[in-house]
Amino acid sequence: MKEKIKNIIENVGLPRVIIFFFLVLLFILAPVVGIRLDTSINDVIIRFGMNGILVLSLVPMVKSGCGLNFGLQLGIIAGLLGAVTSIELEVTGFAGFFTAIGIAILVAVVLGFLYGTLLNKIKGDEMVVATYVGFSSVSFMCIMWLILPFKSPNMIWPYGGTGLRTTISNQGYWFHVLTDFLQIKIGNHIAFPTGTILFFALLVFLVWIFFRTKTGTAIVAIGSNPEYAKSCGVNVDKMRIISVILSTIIAAIGIIVYQESFGFVQLYMAPLYMAFPAIAALLLGGASVGKASIKNVIIGAFLFQGILTMTPSVINNIIKSDMSESIRIVVSNGMIVYALTRTMRVRS
Amino acid sequence: MESKEKYLLKMEHVNKDFYGNKVLKNINISIRPGEIIGLVGENGAGKSTLMNILFGDPIIHETGGFEGKIIFDGKEVNFSSPLDAIDAGIGMVHQEFVLIPGFTATENILLTKEPTRYNLLSEVFGDKLNVLDRKEMKKQAIKAIEMLEVELDPEMIVKEMPVGYKQFTEIAREVNKKSTKLLMLDEPTAVLTESEADIVMKVIKKLAAKGVSIIFISHRLQEILDSCDKIVVLRDGSIQKELIPSETNPREIAENMVGRELVKDIWKSKEIRKFEETILEVNKLWVDMPGEQVNGASFKVNKGEIFGIGGLTGQGKLGIANGIMGLYTAEGEVKFKGKFIHLNNPKYVLEQGMAFVSEDRHGLGLLLDQPIFWNIAFTAMQIKDNFTKSLLGGIIKWRDDKVMIEVAREYIEALKIKCVNEKQFSRELSGGNQQKLCMAKVFVLRPEIMFVSEPTRGIDVGAKSLVLDTLRRYNSKYGTTIIITSSELEELRLTCDRIAIVDEGRIAGILPPTANPVEFGLLMLGKKSEAEEVFTDEGKD
Amino acid sequence: MKNQNLTKTLNPGVQFLINYAVPIIFTILVAIAIPLSGLSGEYLARELMTRLARNSFIILALLIPVMAGMGMNFSIVLGAMAGEIGLIFVTDWQIVGMPGILLAMLISTPLAILLGYFGGMVLNRAKGREMVTGFMLAFFMNGIYQLVVLYGMGNIIPISNSNILLPREYGIRNAIDLIGIRQVLDKLISLKVSGLVIPVATLLVITMLCVFIIWFKKTKLGQEIRSVGQDNDVARISGINVGKTRILSIIISTVLACYGQIIFLQNIGTMNTYNSHEQVGVFAIAALLVGGASVSKATIPNVFVGVILFHTMFIVSPRAGKVLIGQAQLGEYFRVFVSYGVIAFSLALYAWRKRVEKENERRKAMTLKRVLLQSNNTTGGYKL
Amino acid sequence: MRKRIIIRITLMVVLILIGISLYTIGKEHKVFIDNKDIAVGEIVYSAEATYDVRVDNQEIGLLEKGDRNVVKVAGASHKIVIEEIKDKVLTGEKYEKRFKLKTNESATVNIPAMINNKNEWINKTN
């Protein structure tokens, strides 16, 4: 029995076990300290819908062997451009939402292609380079937000300043178009975001379909053994670029869905560290540097958002101080460090 | 007692097995101080294991040690790590250079043995903080280099040295360990040109003259005949014969190395097949495959035959198939069905109708973490669009798992692959079954030429003949040309219609399987003068 | 036949341009930005002197892990944290002046050694991806640091000085005034040369560190670290304990970074308890790379060239931005972009060159062998 | 090897000692200086002049009658020097005293008591 438990912990990974029990503990404690469980769970679901797509966006690149996408910010930038342009064009409602996505996809294809080409030139060092490509493109876009000729009064600084505001409200454009779509309200406390979850499910389905095609199959083969794929006549570089483009597109859509639910488009340095929570969530769901599945996405996003939602409310109630930010940093970055050190051991 | 004084090393009745597989049987060798012993044998004859035992390679201990007695310098020894062996006075020059590329010859010769100057900080942080005594280092290095009597600048950086100089540096490092009494060299001349090799051999002789005993492995017959005091020929883990160079000839050595006559009888009962049409013509092929470099090999293969490529490890036989299939950078002319084909493009070559079962099953033969049916169908899907359904007017090529599984089942049945079902991960299969899986992958493609490299490596005896039978049956059933590359001469002779032997990256000669094994041995040892060349139209300059 | 361009060695001019692409681009950038900014030479010199004294030490801390083949040590942030904890205690105990600085160094040393050991162990488990792991490790430890300093101090760890505690009586305030040790080292010996104040003592300390690094390279440990850096496998076969050597190099780097951060903060005079260390790694590494260093080679001159170029850009870019589009903000963003961009560019360039060079070397070796074989017709067998 | 262990242990001890001495010489103390009337037993010594006060060569400035000032000094031993000023002119009257402070101590110096060489010139508190 002891052996068995040890085996399970070994397979699942100690950090995951700890985090899982921590979350369970939080849920148990919640009613004790006077927090409504149903609202908490509802919050978790809403945040799951907000963030799930960003987590999903990592999957194609992991599958093709490019590792964890530390350059997720490129997709986010594409998404931001889409969102900002749709507001500039004054398109509202679902039309606005899909205009944003459409433009974002176009930008994401271009950025993804360039990004993928770069990653092909530096095989083996993808992650560290990607991190800084992500950072530098976010700071580059800061300059762009200042000088791009957007005119909409809702987006630029009110008194004569140049450049876009740091946060732009999307209310009146496409705020909550998904969240409120077919929303199910139970009592005063629960509002199930059917639209968001359906949209997430749709993307999951599309990704699933992609990996059932000839191209998707080739990408999986590259990820599990690039030499094998090459010997089977697969154009490894091309397939990797396709996976990077796909990841970038999904990330772009992901950030738009996030903003749609959140209510604001956050520009400038806001996207800087956005890759880390998404990566941590995927890893928490059981993925590793070289392997990830849709199951990992769903479990991971749920667990991670669970921690993020529950820690502030429960912990603050217990010790009367807000440790949640620190705990979030420790959990998410600790998970990533763990995963980075873990795979090497398995290989050697 | 007298005899013990005379010998530096005595190995008595040494036996070694790896998991029940006997690799050394009753080895008795004795070496006098200053004696040079040449070790000759085919792949797997036990040369490396013998060296590993002497040098205390941890792998020997991990696999249960060895039986028998080794007396070195008057004491019975059993080294558990190379460091013990070095302390006792045994040096080893590996086939791969063990040198720090950015260091000078001096720094490499003295690596970890640097003389240092005392320093107060060492009292606190340990001896590691002593400062290197560069002057003394250079002095010692020069002394070691002088022992070799070669021109080697002690300040030269290894990265910038010609290969021969790197080898000198390695030897100098071993010599510098003052206690070195026995020096072992594993193919010290393999990567060198002829003139460089000559110098290395001279160095070895000089060292011997200074009292250092030497054991060296080589496949260059001339070297061995010229330099050794004694030649030990190993075959199948036992000493076949000890020969004295002045009293022997290349033929005798080759005979002792290969010497099996069983095969001829089998072939007596078989017909010698005749082929008319040439399907593949290789001319001056160069392949840049590390460790298996091909240096301008030329040969022709006939349609429908089973063509064997043999030779010793590291001579380039594996590079030929890998090069033609585009897995390593290749140059040269390859004509397939009379048409020149592009090299360095795996997809193109596969599309032309050639396919490859790699020697590296785990590396590029299989998707270990994917199910069996994926492994069987993947190549065909990518190359021929098999197993796909076009949806939405061809925009989406949907993977048809159902057909994949059906076909996989067929092959599991036909090749008798032992597995739970077609969804099992290929990692979980045994070596023999993995090999069958690799072949199934290629069979699905229905190629015109099939390259198979080391088909029986690492699989058990029963599975070996099964694999070879499968290949033969496939050949006769579909008339597919098969090119088998193998280290096992025996299996080539059993299976092939003609056998080419590769030496130094070129075809040394092509022989019928019925030829005298000695001829094969001579070719492997780089002596083609006496070999029959009836089958060899190419290969000459 | 393909990739034949690889057999050609690049011509030396092009080689130089690629090797020093980053410093060259930077020199040009700076050369354009200085006149644009309109800042006086005197002002520039003064600012630059301050920054040279303030930043050089911590950049020098990066050199030894590069020697050990572990790339840019993003985990020097751990050392910076150790130094800050030392400063918190010294401030709490109200130890001032040089004794304060020395005591802070003394008490943070064991902590830095411990953190360095931990960091080294983690990086050893992530061979081949040390940089990204070191980077994430710094983030992770930042969380731990927050837990300790924001929740542990004044609670579990006794802190008595209410000036540095938050009003809730535990946890350290966001900013600590280091008035007691402010610029103590800089002013210990200072020299005025026509309006330019030279912090001689600080520069002396930096010189001493340079001498130490040069000396260290000559020790046996230095030699072992260099050999580990060049070839892990060869070093191991030669009997060097590779793992231990790598850990040692990280420990040394962490301890030096700890001192570097103390020197940096005594110059600034206030400490942002939770942010001061965050960007230490990024800026130090960017500066070193700007100085012409690469992931596998970094020298003392790289450090100083880097500090001068990188910080000149830092000084002038907000002004230049203002002149260009009338917004200082642009310059601010520009320098953040440059810091990250330089790292991205250098790392990518290095990774790309590593691949090309490997290929190149192989091709060269093969061509060489081919020439030898063709000129030597007797190969393929020794005739009797 | 033995020698090395001894050296290392000694070094440790030395480092700890250095740490302690750094603590003492770097420790900051508050010294209050009063130019106020003070009663010692029955007798009252009253403040009569303005003084120029220096502690450890640190200029504190003029202290008029009834004034109090504070200064922060580092270390254990200190010297206080006061010079009398009457009608804005130094009279040449100069008094000097030395004192030591333990860790965590602060001191209050009373000038009238100090001039009159009374034991109560300094009052040390924790």
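Residue numbering begins at 1 within each chain, and the chains themselves are lettered A, B, C and D in the order written.
Assume contacts are C-beta pairs under 8 Å (C-beta built on N, C-alpha and C of every residue); 3 or more make two chains touch, one makes a residue touch a chain.
These numbers were taken from a predicted model, which means no experiment stands behind them.
Seen from the C-alpha centroid of subunit B, the farthest chain centroid is that of D. Taking each chain's centre as the average of its CA atoms, subunit B and subunit D sit 85 Å apart.
Inter-chain spacing, taken between the CA centroids of subunit B and subunit C, is 45 Å. Centroids built from CA atoms put subunit C at 31 Å from subunit A. Looking at subunit D, one finds that none of its residues touch two or more other chains.
Here the chains touching each other pair up as A-B, A-C, B-C, B-D, C-D.
Contact residues on subunit D toward subunit C in their complex (touch as defined above): 15, 18-19, 22-23, 25-28, 72, 74. Residues 123-124 of subunit B are the ones that touch subunit D when the two sit in their complex. Subunit B makes touch with subunit C in their complex at residues 82-83, 98-103, 107, 111-112, 114, 116, 119, 127-132, 134, 193-195, 220-223, 250, 286, 288, 290, 293, 295-296, 329, 331, 343-344, 503-504, 506, 508, 526-529, 541. Listed in rising order, the residues of subunit A touching subunit C in the complex are 70, 118, 121-125, 127-129, 131-133, 135-136, 138-140, 142-143, 146-147, 162-163, 268-269, 276, 321, 323, 325-331, 333-334, 336-337, 340-342, 344-345, 348. The residues of subunit C lying in touch with subunit A in their complex are 122, 125-129, 131-133, 135-137, 139-140, 142-144, 146-147, 150-151, 168, 171, 325-327, 329-330, 333-334, 336-337, 339-341, 343-344, 347-348, 350-352, 354-355.
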